[in-house]
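Below, chain A partners chain B and then partners chain C, in two separate complexes.
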Partner chain A sequence: MIPADPRLRIAAAFAAVLSLSQLTAMPVAALACAGAVLAAAMSAGGLPWRRLMHLEGFVLMLLVTLPLTIPGTPLVRVGPLAASAEGLAQAALLGCKITAAVLTMTLLLAGLDPVRLGGALAGLRVPPRLVALFVATARYVETIGQEAARLRDAMRARGFRPRTDRHTLQSYGNLMGMLLVRSLDRAERVEEAMRARGFTRHLPLGEATPPTGPDIARATLIAGAAALLLLGDRAWPILSS
Partner chain B sequence: MHIPDGILSVPVLAGGAALAAAGVAMGLRRLDDRAIPRAAILSAAFFAGSLIAVPIGPTSVHLVFAGLIGVMLGWAIFPAVLVALALQAVLFGFGGLTALGVTTLAVAAPGALAGAVFGPGIRRAARPAAAMWRGALAGALAVLGAAALVAVALVLSDGHFAPVARVMTAVYLPLAAVEAAVTAFALGFLARVQPGALSPLAVRA
Partner chain C sequence: MADPVQLDDLHVTRDGAPVLRGLSLSLGPAERLAIVGSNGAGKTTLLRAIVGLQAATGTVQLFGQRCAAEADFAAARPHIGFLFQDSDDQLFCPTVLEDVCFGPRNLGRTPAQAEAAATRALAGLGVAHLADRVAHRLSGGEKRLVCLAGLLAMDPAVLLLDEPTNGVDAANGARLHAALAAFPGALILVSHDAAFVASLASRAALLEAGRLVPAEIHDHPHTHAHPHLHKAAP
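Then we have the complex of A and B:
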């Protein structure tokens, strides 16, 4: 069901998520959400709970405050606050759309390693410099992450415990400063090594092969299903009246 | 500050993407091929830094470092932030695909501005203390600017989001304070240990 070609995966993910993010009718959004949950549950990875539970502070605030701030028929009363049916519906709609989009993205993109993704982005005509930056950053996220972990281990070994105080802030500032100093040293070595090997902005990202027919069909099916949902969404007010 | 898919309207998404694309193009033009590894490794360092959770009472906040990136990378902050957000979306599922443009703009534009306004003073500073207070302002303004831009994107998308948008910058005040302090201390460290590290753009002579 999922295309193998990373270029098609990116294209399908973009198209599908764009359609899903614009749904306005609750039944359609619920259907999209249920479909995505079903597909994710049946996939090899199962439901990605950590991704689903990750909510930015302001998204949480939206979900909590929408029922209270949108005027309408009061449904639940908590002290002086009343949650309106319209507000609850709006929050539920938002929740459905966010969930469906996160799951779609996980299904299509989570398994791709960044270097293959970089090759796919180059195939989709992303500027070569941006692709080179993407691949190199992805490559060094792990190395520099290990460097940061070593520095934090050293802090912990000296008895550092993060608290809400000046000492913690100063220690983290020094940690970041040291990490940047080490990163710049590393960058200098890498730059020299790459220049010695004649690096120009073009990375050898492998031959671009044309996408296969079945893959195109799979990507079209995914993007098409989402587009169909959007079409149904726009027709819903007419159908239900 | 990750905006998920499903919240913003199409005009806001398109407008944000267009402005972010202009910023990314500007940043890429300033970033010559030789500077790419350096920009990538610095981006990776900021990526690692953003995983640090600073405790604030019972909860904790993650640092963004937009002000510091703006000082160290200049306009190249746009492609650096776009790449970091794309990686976070793919690797961890943080933030949406369609909102990449708006999020890049919200984080990178205030960072670039902070870098342009405070960067020269920070590099010229005779004493670390002078670099530090400018760094604190750059760090705080970058966070509050990002919160304000996200608030604008929310209001333009849906009038119902206005109550939350109105308190956005207030909600991000604790993060702004933490970010100001950590940015100041990091800059103080760099000013003492390796002043050359603060040179603008990603190229050193």
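Then we have the complex of A and C:
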């Protein structure tokens, strides 16, 4: 069901998220959300629980704040504050759309190796500078993470234990500062090493092969489903009246 | 006094492959143990396991106390100075003095006490003049000495040294050697520098197939020739 060609995956994900972001009817958004959850649950990786946990925390915050900030028919009163039904509906709609969008992105893009994703972006005519930036970031995030882990180990080895005091804050400040300084140094060294090997602002990202027919069909199917959702969304007020 | 470090049947697995396989070791209060082994034999892993930075199964006893949880290791770490292989991992404060103060501050010393201990440690290594320099712009040898000062300022009973002479020039190497020779506590030294090991260690062991095998340090004359570099005559 999911196209193998990374370019088509990006294009399909882009089309799907674009449609999802425009949904306004709650039933349609709920349908999209249910569809995405079903598709993710049936995929090889299963539901990405960790990612969803972070996401739903944010959605929960919307559910709490939006009813209080959007004026409308009051549902519950807490002192001077009133939770509106309109706010609640708005938050539920947003929650469905966000969850559906993130699950779609996860399904289509999470399995892609960052370097291949870079090549795909270049294939979609994203400016080479942005592609190089993306590929380098994806490559070095882990290195910098390891550097941070080693620094933290060394701090622990010298008896550091985080507390709520000035010394702890100062030490963490120094840690962050040192990571930034060293990342900058590393960036310069990497760039020099790339130039030393003849880099001229264009990353060699592999041959671009034309996408296969079945892949195009799969991507079209995904984008088509998303377009259908949008159409249903626009038709909903007329159908339900 | 109990042995500062006592390991029994230590096992460590990393990325699915066993690194240490039933390693045992006991280090006396003033013993100087040199550990040699090929790249990837697990020397650094062993040092990390001693201070609890690397999860291991088996028993680790530090100063007679069995250490299992992070809290046990955290209590023992102030008495064990660990010199990391890469000095840059250790130096994270902007200036040298701040970095050397970091350990004493973790022990609960006041800023003034910490600074006094730091100044003393730096002077003891002959690098007092570096105190106000930016830590991360020092030369490799200077970084090494500053790292060691950061440990000595905590007054440890044991030093764990991971390749202490890596990237250190002759002059700074001599300072390092003198400081370690004068250190009264126990130490474990992981190094490829045979001459350095031979002149500091009282005992040697080979890390092989995940265990320590006793080794011998001996001294015999060699006849040899090697190229020298001298300043050219004008």
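We take it that the second predicted complex is superposed on the first by the 205 of 241 C-alpha atoms of A that agree within 3 Å, B and C clash if a C-alpha of one lies under 4 Å from a C-alpha of the other, contacts with A are read in each partner's own complex, and residues count from 1 in each chain.
Here, a contact is a pair of C-beta atoms (placed from the backbone, for glycine too) under 8 Å apart; a residue touches a chain by one contact, two chains touch by 3 or more.
What you see is a predicted model, and the numbers here were worked out from it, not measured in a lab.
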Contacts of A:E56 with chain B and chain C, given as first, second, both or neither: first
Touched partner set for A:Q90, first chain B, second chain C, both or neither: first
Partner chain in contact with A:M178 - chain B first, chain C second, else both or neither: both
More chain A residues in contact - chain B or chain C: B
Which of chain B and chain C A:R150 touches, first, second, both or neither: second
Partner chain(s) touched by A:R158 [first = chain B, second = chain C, both, neither]: second
Chain B versus chain C as contact partner of A:A39, first or second or both or neither: neither
First (chain B), second (chain C), both or neither touched by A:A227: neither
Residues on chain A lying within both footprints (that of chain B and that of chain C): 147, 174-175, 177-178, 181
Touch list for chain A against partner chain B, complex: 13-14, 17-18, 20-23, 48, 50-51, 54, 56-59, 61-62, 65-66, 69-70, 90, 94, 97-98, 100-102, 105-106, 109-110, 112, 114, 117, 127, 129-130, 132-134, 136-141, 143-145, 147-148, 162-164, 166, 168-170, 172-181, 183-184, 186-188, 190-191, 194-195, 199-201
Contact footprint of chain C on chain A as seen in their complex: 147, 150-151, 153-161, 167, 171, 174-175, 177-178, 181-182
Chain A contact footprint on chain B (complex, rising order): 1-10, 13, 24, 28, 31, 33-34, 36-45, 47-49, 51-57, 63, 65, 68, 72, 79-80, 82-84, 86-87, 89-94, 96-98, 150, 154, 160-161, 163-164, 167-168, 171, 178, 181-190, 193-194, 197
Chain A-touching residues of chain C, taken from the complex the two chains share: 48, 51, 53, 74, 77-78, 80, 82, 84, 86, 88-94, 98, 102-103, 105-107, 136, 150-151, 154
